[in-house]
Every structure is written in C-alpha cells, then in structure tokens.
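Below is one structure, written out as structure tokens, with a few remarks after it.
Naming follows writing order (A, B, C, D and E), and every chain is counted from residue 1.
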Amino acid sequence: MISETVKEEKKLKFGLFLGCNISFNRPDVEQAMRKIFPALGVEIDDLVGQSCCPTWGTMPSIDIVGWCAVAARNLALGEEKGIDLMTACNSCYGSLNEARHKMLKNPEIMSKVNEILAKIGKKYEGRAKCRHVAWVLYKDVGLEKIKESIKYSLDGITVAVQPGCHFLWPSEVYPDKEEDPFNPKVLRELCKALGAEAPYYTKLIDCCGMGALRSTDPEKSFILVREKLECIKEEIDADLIVTTCSSCLIQLDDAQEKLRKEGKINFSIPVLHYVQLLAICMGFDPQQVAGICVTPRDEIIKRVLEGGKR
Amino acid sequence: MPKIGVYICHCGENIAGAVNIEEVKKFVEKLPDVVVVRDYLFMCSDPGQEIIKEDIRKGLVDRVVVAACTPRTHEPIFRKACEDAGLNKYYFEMANIRDQCSWAHWHEKEKATQKAKQLIAAAVAKARLLEPLEDRYVELNKNVMVVGGGIAGIFAALDLANAGFKVYLVEKSPSIGGNMAKLDKTFPTNDCSACILTPLMVEVANHPNVELLTYSEVEAVEGTVGNFRVKVRKKQTYVDWEKCTGCGACVNVCPPKARVPDEFNEGLSLRGAIYIQFPQAVPKKAVIDPDACISCSGRWFGEEPRRTKDGKPILAPCEKVCPTGACSRDEPRDPNGEIIELNVGSIIVATGYRVMDKKYFKEFAPDSPNVITALQMERLISATGPTEGKLIVPSDIPKYLDWKKKVEKGKEAKLEARKPHVITFVSCVGSRDERYHTYCSKVCCMYMLKQAMLLKEKYPDLDIYIFFIDVRTPGKDFDEYYMRCRKLGIKIIKGKVGGVQRLPDERLLVRGYDADLGKPVELISDIVVLATAIEPNTDLKDLARKLGINVGAEGFLRERHTKLYPVDTMTEGIFICGCAQGPKDIPDSVAQAKAAASSAMSLLAPGKMRVEPLISEVNPEKCTGCGICAPLCPYGAIEYVEVDGKRRAKVNEAKCKGCGVCAAACPSKAITLHGFTYEQVLAQIKTIARKGIIEEV
Amino acid sequence: MEITEGVPPVINLTEVAEREKEEFEKKVSELIIEFGAENLLACMQCGACASICPLARVGFEWYNKKLIKAILIGMKEELLDDPTPWACVACNRCTEICPRQVAPFEVMFAMRRLMVEEFAIPTLAIEGLRSLYEHGHAVYMTGREARKKVGLPEKPPTTDSDEKALQDLRTILKNTKLAELGLIPME
Amino acid sequence: MSEEWEPNIIVIACNWCTYQAADLAGSLRYSYPPTVKVVRVPCSGRVEPEFVLEALINGADGVLIGGCHPGDCHYKEGNYKALRRFKLLHKLLTELGIEPERVRLEWISGSEGLKFAEVMKEFDATIRKLGPNPLKR
Amino acid sequence: MALKFAFYLAAGCAGCEMALVDLADRLVDALGELEVVFWAPTVADIKYKDLEAMPDKSIDIALVDGAIRLSEQEHIVKVLRQKAKILVAFGACAAMGGIPGLANMHTKDEIFETVYFKTYSTDNPDGVVPQTKCVVDGKYELTLPEFWNEVKALHQVVDVDYFVGGCPPHHEHVAKIVEAIVSGNLPPKGSWITDGKSVCDVCPRNPANKGKTREIVKEVKRTIEGIPDEEKCLLQQGYLCFGPVTQGDCGASCPKVNIPCRGCGGPLPGVKDFGARAIASLASILDDSTVDQLMEKYPSLAKLFYRYSLPVATINKRR
C-alpha cells in the first residue's frame, strides 16, 4: 500500500517531442497527445525550441558527430529540466536513441558533441533519453488506468497493429524493449485495453515502406505497403489499422488511397495513430484529435462512438 | 664458474625469418659464463639435439640454454637430451624466441632481434643460478574414473576395462547412452543409432572391470596424478534399484498432473514424475523426479500412509503397482543421496554437449511448435520418438498422443494430424554467430543432410530446403553423402535465413536469401528445423573447476596442445574426449575416447611415475616458525617438525605441486621453490629490466 | 531505374584492386569503417540481412549484403551513382539479426556519408538539409491550415516559433561537417 | 637499440594461463609491441613484491603480472594471493609517487591469445604516454 | 687495555643511549673494559675538533644512533668512520633510517612549511626559516648545518661494520652486544648483530609455538579498536603485527604487552626490503575483503610498512 502511494505521488512528466511530421503533417496527433496525457495524469512540457530529431536523410547521412550534436541539443532540452522526452514518431524515437547510444558508447563522440554544444552554452551528459508514447502508456500509465479512462470501447472491432520498425530494432539502443522484438506485444496489449481484437498477422513486423524508400522510389515503396495491406485484409480482415508511428500512419493512410485509385487494391481500411484512437475512446472531439486523413475514418469513428458506449 | 652453452634454433624460417641469428649470436657470446654459442636449423631434431649432447659429453658445457620455441612443449625434450648426455637435466633453461618473439613481431624484425637478445640474456642469467635436482617417483593408483556415459565415455571405459584397468563410469542421468541414444540414424552410413549403441551400453555395464555409477555426479576432486581422491554423489533415485526390474508398471500409472516435458524426447512429449529414461536404458531402472512428483497419495517417503475409513493404507499408484516393492515409500530417503569416495590414478572427462534451445532465436519464431531444433527432429523421426517415427507436424503431436491413448484403450479413432509437405532446414543457428558462439558446430551440415536424406527417401513427395551459409563436408565419405542429397532432389540453398514468421494456420513463412540467384527468397514451410549450436553442458565449467582443468573461451575443455596433446589437459593425469572438448561427430568422438583411454593406460601401466622436483623446500636453519606459510598451501603440504626444540615448517614432497605461494610469502625467505627460486626469477627480471645486461654474481 | 548502369557484366577484380591501390588514398573499406561501420570486416556474407531487407525485397541493386561485398572487394566508382543507400529505410532489422554484428544499416549509412564526400547526394536530401538549416525542420510546410483545423496554434513550439533556438541550431550545424562540405548555403 | 626511447615492459606470467596466452598470441600471429617481455613463473601466487620493485628500480618502464581468472587458478587460489599482495603493493607504489598505470595485474587465460595481444598493445600505449620510468638508475 | 669507545647521536631521539644506560650495573661492569673517548655531550664532553684531531683508527669501536639528515651529521660520521676501527649502526634509525626516515615521504620544503609555518603552535609572522649562515650584530657569522633533502641510514653515507636493530635495541640484546664487543666475539663484517629469528619465534602468542596452525585473517583492527585477547596471536586477532617479518632480538617485548610489532627490529637475514616482505607475508594471510579493509583503515601503507625502514627501501622516497 505504501509503495503505491509513493508511486501516485511521483508525477509523470515528459517533454513532448513533436518532430516534423506531427508538427506540420499530422497535427491532429499532436492535439490527441495534448488531450490524453493531462487526462491520464501525465504532465507534458513543450520543450520550446526543439527541432527536427534529425531525421535519417539529413545529418545522419552526413556525419555521425553532426547527427549526434543536433540530437543532443534536443535531448539537452529535456535534460536541463530533468525530464525524458516522449515522442509519437518512430523516426524521432530511432534517431534520438541511436544518437544517444552512440554518444554513450563512444566518449570521443560525446566530447566532440559537447564541444559543439558549448558554443551555444549547452551540454548533454546522456541522462535524458527519448521514450516512446506507446511505452509510456503501457509501462508508466498502465493498461488499467487506460481502461478506466475510456468512455467508448472498441468491442467487436478488429484492429491490425503496426508498431513500426523503429519501435523494435535495433533493440540494443532503446530504453524500453519488447520481450520478443520479432513478435511485439505492446501495441496489441494497448489495443486490447480499449476492447478491440488485435490479432497477430504474418506481416505484422514488415516494413511499411515509408521513409527514404518512399522519397527515393514511391513505386517500389508501394510494393511493401501493398503486401502489408493485403496480408491484413486476407488474414484478419481488420476494421482499422492502428500504428504508433507518424511515418507509418502517413504511409498506410496515403498510399492506400493511391493504390485504390490505381485499382491495385479494392478495399479501404482506416488508419489511426494509437494516441488518436485513445483520444476518441476517451471522448475527445474526433475533429480535433483525428481530423486529418486521406483514407476516410468517419465510419469507424461513428461505429466507435455509437456502438462502443460504456 | 658455470660453463653455459647457448643453442639458438632457426625453427626453419619461423625464428630466423624475423630474428637476425648472427647478430644475436654475437651478442650472446659476450654474456658472462657463456662459453659456447651455436645455431641450427631445427634444434629439436635429432642432429640438433646431438649438437648439444656432443658439447656436454666433451665437457665443453655444464649448463644448457636453448633459444627456440615455448618451454611448454619443448622443455621436456631438451631436458631429456641433457640427461642422455649425462648432465643433470635441471641444468637446462629455455628462451622462448619463437612463440613470444619472432611470431608475434614478424613485421618488426629489428626489434624482434633486440627482444630475442634480452630473452636469451635473461635465460642465461637464470642458467647461471641453476641447481641440480633429482626427479621423484610417485606410486600410481591404477583405477580410472570416466565422467560421462555417452559414446565417448563408453568407449574410453571399455578400452580401459579390456586392458585390465578398473573403471568407474560416472553418468549424471539415470542411464548411460548420452545424446547418441537420442539419434535416429547416423551419418555417413545411415546406421541405426540404437542398433550400434545399445550393444555397447550393455557390454560396458556388464564388464567385470567396470563399475557403473549412473545418476551420479562428481562432487569434489582432490589429489594429483596417480592419486586422485574423488567424491561422487549418487543422487537420490527414490526407487530401490536393488529391487527395480525396469518393468515400467509404475511409469504407466503416474497421474497426468505429474507430467513434465520429457528430456529424452527433447520436450516433444511428456513423461511422468516416475520414469525410465528411455526404453533401451542401461541400467533400465526407474527414478522419481522429486520436483515433478505431486505425492498423489498424500504421502512422502518415510511418512505414515493415510488410511481409508476401514483403515487400509492409501498407497501411491506407483508403489501399489510395483511388483517388487522397489517403489515403497515406507522408508525415508535422503534427498541428497549418498556420497561415495573413489581413489583413482587418472580421470577421463567425456561429458558431451547439449544443443542450444530454440528460445534464443527470436527472429525464427521460436514460439511456433513447428519450429524445432534438429535434435527434436531426430526424435520426431525416430521409431522410439513421441510419434513412433510417424512424420506429422509437431503442432499436432498432442492430437497424435490423444489418438494413441484412445487406440490403446481399444477405442476406434481416426488420427487427424497434418503431414508436412515442406520442411526447411536452417544452418548455423547460434554457431558462427557473435551473439552466441563464434565457432562452427561442425556436425550440423552433415546431420541436416542426413535428416533431409532420411525424410526424402521415406517421403519422396516432401519438398525439402536446406539453407546453408556454406556446406561443410570434409570427412571420409561426407561429400559423396552431400551429392547423394542433391541427386535426391533436396533443394540446397546457399544463404542464411533471416526471418521466420508464423502464418495463421501454423505454417511458417521463411525468408531467406539465395546467394546463387542473388536475391531474397521466401517460402511457406510446414516445419522449420533449426540447426542450433552445440554448446558445452552448463555444469562443465563447475566440473572443470573441481578437476582443476582449463576451459577455453568458448566454454569447452581445453586440451594441453591442439595438435600434439589433443586429449591431455594441463593437469597431469586428467584426459578429455568427445564433445566436452569441442563439437565433433561420432567417429571423432570415438577416436578421441580411445586416444584418451590409451593415454591413461600408458600413464598408469608402469605403476609409478617420475615427477619433476620443481617443488618447495624449507631451509630449517632460516625458518623462524612464524607459521605464515601453512594456511596458504592449497594442498596442505606444509607440516611442522621439531628442530632443536623449535617447530619448523617442512614441505611434504608428495603433496606439494610447486605453485610457490609459500615461497613468495615466507617472511624469512626460508622457502625455496626449486626451478623458480627467488634469485633465479630476480636475475631474469633484472636482466630484462637492464635490457640484457646481466648483473655480476 | 537505371540502377545497374556503370556496373559491367563482368567485374574485373584485378582492375578494381589496382584502381583502389592507385587512385584512392584509402581503401574503400577503411573509409566505410571510418564513417561508422566499425564491424564491416566481420561480415561473412551469409545473406541473412538481405533476406529481410526491404530494399532487396523491392529490387534495388546494392542492398546491404551486396553493398558490403562490393566494398570489401574495393569497388567504389561503380557504387557512387547508385540510389540504393539513399533508399534505405533504416529499419535496422538487419542490425538486429546479423550474426556477425556487422550492423549492415551502419554500412548503408557510412556509404551515404562517403557518397556525400563525393557529392553524390540526391537533390531531395539537399532539400532536407536546407530546410533543416532554414527552419529547424527537415519536413516543413508554410501552410498551417491543418494545425488551425485541429485547434492548435499556427506555429508549433519548435524552432519554428523560437528564433533563438533556430539560431542555436544553425550554430551547431555550422560547426559540423555539413558546413565543411558546403553542401548548402549557410549565411 | 634505436635512438628514440622505447618502453621496456616486463610481464611476469603464470605458466598456466598468461604465459600460454602469450604463446597462443604468437601462434595465431596476433602482433603486439616487442617492448613486452615475458618472465615465466608457475603461478601468479609465486610473484613476490620484490620482483616488481626490482624490475622498476632496474629500469623497467612497466610491469604487468598475469594470472588466471578468479576461480580458475591451476593451484586453486594462487591468483587470489597475487591479487591481495598486488592491491597493497599497488597502493604503496602510488603513495611513493609511481604512476599507478605503470604496474598492473591482469587475468588472461590460456585461451585468450587475442586478449593478451590487446592488453599488451594497450599497456604499451599507456606506458608510452607516461614516458620513461623516473626510477631508472 | 681498555677499548677506546665512541658513541654519537645523529638524527635520533637518544633512546638508544637510554637503552645502553638501562644496562645499569652490567654497564658499570663493562665500563671497566671501555674507555669512552667520545660521547658528547652526555658522557664525555669532547669537542668535534678534538675528535677530528684524533689519529685514524685510534678508536676501537664507535656506535652511531640516529639517521643522517644534516650536513653536520654526515660530517661527523665520516670523521668517526675514519677514526674508528669498527663502526656500528646502533638502533633502527642508524641501521634503516628509522622514524625520522618517514620524512622521505615529504620534501624539505614541505617539512619546513609544516614546521615553521603551519603547526598551531608556530608563531612566525616574519616567515623566518633556518639559514645555514647568518651574521649577528654585523660581525658574528653563525652557521647552522644544512638540512638535506632526504634522510639516510648510516650505511648510505659511510661504510658500516655492524648493524643493530630496535627502537631502541632491547637492553638484553644490548648486553649481548656489549659482551660481544668486549670479548671481540663479533660476526663477519657487514652483518647484523642478531639471533636472526623472528619475533614470532620468541613470541608466546605464536600459534605455531602452541602446536596450532595459523588461520586466514578475516578482519583488520587498528590498535585503538577493542582490547586484544592476551593469549591469542595479535595478527590472528586482526591487529597488524609485523612479528613474522621482524628480528626478534627484543624477545617479543611489544606483543607481550599487547602491542603489535611494527618492525623496529629490522628485516630477517636475507631480506632486503622490509616493506615488500611485510606485504608479501601479511597480504597472503588476509582474505580479500580484509585487504580492502586494511587499505581503508590505514591511510598510508608506506608509513605502515616502512615505519622504520623507508630510507633503505628499494624505492626509498616519494617521487
């Protein structure tokens, strides 16, 4: 009992790391986070002045120290306040944690980075890390609290989960690890907590094809997303795809529409970021927390709001 | 004044290729007390040794320094040469200018030459202080303990027993047989494993010179070569083996609740808490696994039985059904079993291997029942396996077992288990892998081919894929075996599998790579067989520690010398063979077992043995009886004797092994470790510290 | 895509080796190791990485395993025009499963870094860098309808709304190799 | 010897492990600096503090004692004795102003040829950084 | 004819002289055989110049106690060496440097800093430190001996014939020495005058003397901790007693009164470096954690293990 009280008293607080996609492409995800976390007792800090993580095609492709320096500035924003960062984008999660791992593993990189940071009066000691929203919800908030907080449940709804690559690999660099990085459970558990069926499907861990592949060769990128979608359709005929990555969200949402127009697929499965789905279940305004999409979501949202009232 | 001869070996090009011999000679000639310096192509060869002997015989030299390879292998050879020529063999010292000089500094020839000079100078400095010593002899006990009752242990025991030596064969399982007993057939001849192994098991068990100690483990080992004192724990069997006839009646009545995965079937089926390891077990006796037993009668050993209303005792099903009373629970049993003590002259370690569990390999969907290890596959196709050799997908084994139960009860039932159509083998799972074991497990290529061949010959319609990184088939008749597989239509793919994903119907999506096509490939398979690495048994390290032998970086027992002493260990009198030494196949294990047995024989046959006198000695004049040394000795070799009314330390020569801990600690420097005296080691150190300048004595 | 252009049907290993010795200051493999693929030489070409590589799956030429092999035999020129490294999704599944802990992903990215030195860098990447420098965001949009639509302030609390932070970021970037290479204008 | 200062490093090695490792390093052709010279003793427990002091005072720039990993001593526990003596000796030397890096104790088993070479490379580099032993007479 | 006898106190505390005087009537007996030609200022007030004027080798035997720290001491022992046939390093300081030798852990500057500035009792507003020369009243030049940078044992300055350990030498041992001198029954030149056995050899607490085996020591105690069992070996109880490594000419007088031996008797014959031997022996019978405990409880191992012998140690001063 005593330990529980102590746990209660320790207020959860994270720096909300937005990244580019969520800031500009999918601000409804940002809005969803701004709604759900305070309601779940998690304080969020804006980390004013944060920048791009940096994403893979930028500094990581130029130079490791440069990559780490940009990442370290972002991480330092949290470290200064004694909090960890939290992101809803797998790319940011990957880039920040890989950079941190490199700095911790190699003191030479760390010291070069700090030489650069010193020029703007900052330093990074490796303490602050970047957490993933899915892990914060799963581990820090907890499934019980999520279950208690929802107004609508997903009874009878089958979701296909898409945790995304940077949620899993390389497991070495991440602060939280799936017990089996080839059979991830966290997102499935999170969806089940909302009352949904979240079955395994064969290509659950396959890449959606987003990222550099998409910008380099969209056609090839669509091969992957199509394989994935078809597997979802055939094996579990999901009502909804749920992801915890902003890149996967954009790819699955956008590409589906394109594939349908080209006649390559003949179905449509709405796609939501998990924080959006949770926000809807918690009763927040769908227009605000899930208002931006290409593949229509209205129907599934309606089904949730009408069918799943608790 | 000592007359030192220095003999420098070229070792062909091995030394001369990096060390400038002429330059070294000029340097060495000037060293104090050096009277002769010679060099030769191979100093250890017969003519090379003759050079040394000649100088000794002529009286030119009375101390010998050989600068060559490592004293660990060659010191005995040169000592012998000195002795043969009439010089006390402890007037010999070696400078290691090959292993620790030319080889390591091959590309820095000038510096290697300088270093060689210093090493030789150090050896000369020590040589000036050498003292003549006399060898000792110890009596040897002619009994041998063989640890491990697999194919290697069985052969070692048989060879020794046939030669008239008494052998204690210690095996931790209830039966001997080891891993080979689990195999279906054996490559490259496809002999039935049981057919060739079982007769040997019986032979060794019945041999008058062999005492079989199964379900037993080595607890502690003391003593040295010729006189090891071993404590063996006979584990508690909970069944009276004197009375047990191995009829198996008890096994059948053990309740379903007390069932646990069957080790013999690699977890593919269940066994009861009371079990006989396998049908061909030797000895064929039942044991009770106390962790699995649920005491279904409500009574543990030595407890009063509960009684029915009419006062009849309630007995456990096993004790009730036992025709001989072997399973009786009337008497209490000590869970620690019994400790017995053995006196042996030599020990052979043949503890074998285990295969890695599939659970480590997350990328290969280990959760799926249809992903199995190769040893599980062996059980699946074996006639003594969980399905009596009937090939079905492992996920349907429970269905098979249900069906079998019904049929046994005389019910009519149809077996609805799925037969596989596609089987995929994955090589190098956990072998050649930095995350697990960097070594090659050696037998996987061949046993995958074997299993594929057995399957394909029996079920020609099966599609079999074997993913190899590369096919390794060195060995007699092995590559021919491989070609037979190809001709049978088994699909060999060069490239590793990177992922296995479960399909909803318990089939598996296999993602591999075909190096020949230069493309990723994928297929749907009913069974995926992982050739998981062979690794040392978990308790091998413990055992090695008890025995005082070395374990290599990869965890297998380390041989004294890879090439020259492959079954010897650094501890005299202890030999190793089989997979405890490293992964190997049956022919190699047997060959090594016979080598180990013959090594033990040639050691023990003379009945006594020469021991180097490189041990400690106390100078009673200098000893002040402080008593510091006695508790330090790991062998309890330091005793006290009365000298002029005072207690003085004395080393028991039979017990001392020459570590020198006492000499290093003695406050009055009364203890000398012969061969490594304070003055000798110090002379070496000073000489090197002064870059080759020897201090005048 | 003309991805195989520049790669002859027969690869003349003698020529490749001679060119590596004569024309380049350092071996390609040495450069790749310097650029972050520390365990490059441990590769035994088992192909596990390629079996699950999204790029290999959709038909790129120089996916992880082959790129490593090419580097190990000393090819360089032939690879510079190839888009494969720039298509890598950095999924890191290869890193997770590599039995030799080569981290093929690191090789891919080290190759990008090598290509950048040779200015073999795609326009899109340059654009991303320019945008990172100018706005602090690799993906940046001026239109803010989406944010307004979902009820958020027009500007996120990032460098976008914090001039000091943007200047800080620029200072950092000016002190990295990005500035040394002069890939984008930095005032 | 060349004009430039080269470290002079003495390794006092246990016959059953570090000495073997040095042999193994050679036979596997792992190179390490030729400044390293090994003196063989039966056990690290044979090493007397005087050996280290005399090595230093006579001109060695670095001294390394090599023994079996804890628990693996061929003579059961000689390496523990070595460790105990070393701890005190090392602190004593530090008090007397000897750089602590000059004197080292390492556990290198007979199978760790690579480790032997790596440790020696690293030790040589350390000694080079420290410069010549100031005690040299 | 009486033996011509000299006694000189260098850097020492005069305890060794007390030890000689402690012989009491036995000394009186011996004095009949001795003619004290130099023992300033205690017994024979003879000036240095008188000593310098003596013919070479005119003194039969000269004892020196105390270490060599000042130019004056160096000068006198050199003179003594010249005048004496036999020169004896008498007591731990002369033989090994002794307690004053611990100053080798500090530089001259550090010592002056402490002595003339830092101690609480020092009042030195003008910052005066000793000068080797100064002129008083404009005309009197006064001199002080020079303070050397390091302390040396006698044999590090002049050739020494015999060594005697102890701080001070035990009077019984002194008696034997005096007898030996008087009778001329001396060991070979260069040796220690000693029985050559350890303190343990004569210590009633030594378990080996009681037919028992020593045990590994599992705890280290400083002398201020607890009260030792009067019967049991002090080392066995955790009190770091150097009895095993120290010459026991004292008859184990310290252990007999519950004080652990600290090594004033000097190393056993054949041992060059007392501290190294002490480490070799003592560390061997401690267990792992005890070694750490020792290092925690004793802030300076050098001062512990070389309490009486730092100047003659292999590494004999802090660098």
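Throughout what follows, a contact is a pair of C-beta atoms (placed from the backbone, for glycine too) under 8 Å apart; a residue touches a chain by one contact, two chains touch by 3 or more.
What you see is a predicted model; the values in this text were computed from it and never measured.
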| item | value |
| --- | --- |
| Smallest count of steps, each to a touching chain, taking chain C to chain E | 2 |
| Reaching chain C from chain A through chains that touch each other, fewest steps | 1 |
| Top-ranked pair of chains - ranking by C-beta pairs in contact | A-C |
| Geometric centre distance via CA averages, chain D-chain C, whole Å | 45 |
| Gap in Å, rounded to a whole number, between the CA centres of chain E and chain A | 77 |
| Distance from the mean Cα position of chain B to that of chain A, given in whole angstrom | 50 |
| CA centroid of chain B to CA centroid of chain C, Å | 48 |
| Two or more partner chains touched - positions in chain A | 181, 205 |
| Set of chain D residues in contact with two or more other chains | 48, 50, 54, 56, 81, 85 |
| Overlap residues in chain B, where contacts from two or more other chains coincide | 363, 499, 632, 661, 664-665 |
| Pairs of chains satisfying the touch condition | A-B, A-C, B-C, B-D, B-E, D-E |
| Interface residues, chain B side, partner chain A - complex | 362-363, 365, 367, 499, 501-504, 509 |
| Residue ranges of chain C touching chain B (in the complex, touch as defined) | 42, 44-53, 56-57, 65-66, 93-94, 96-97, 99-101 |
| Complex contact set, residues of chain B against chain C | 363, 428, 432-435, 469, 494-499, 511-515, 518-521 |
| Residues of chain B defined as touching chain D within the complex | 70-72, 96, 98-108, 110-112, 114-115, 118-119, 122, 545, 548, 550-554, 558, 570-571, 614, 632, 634, 657-661, 663-665, 673, 675-676, 678, 681-682, 684-686, 688-691 |
| Chain B-facing residues of chain A, complex | 180-183, 200-205, 235 |
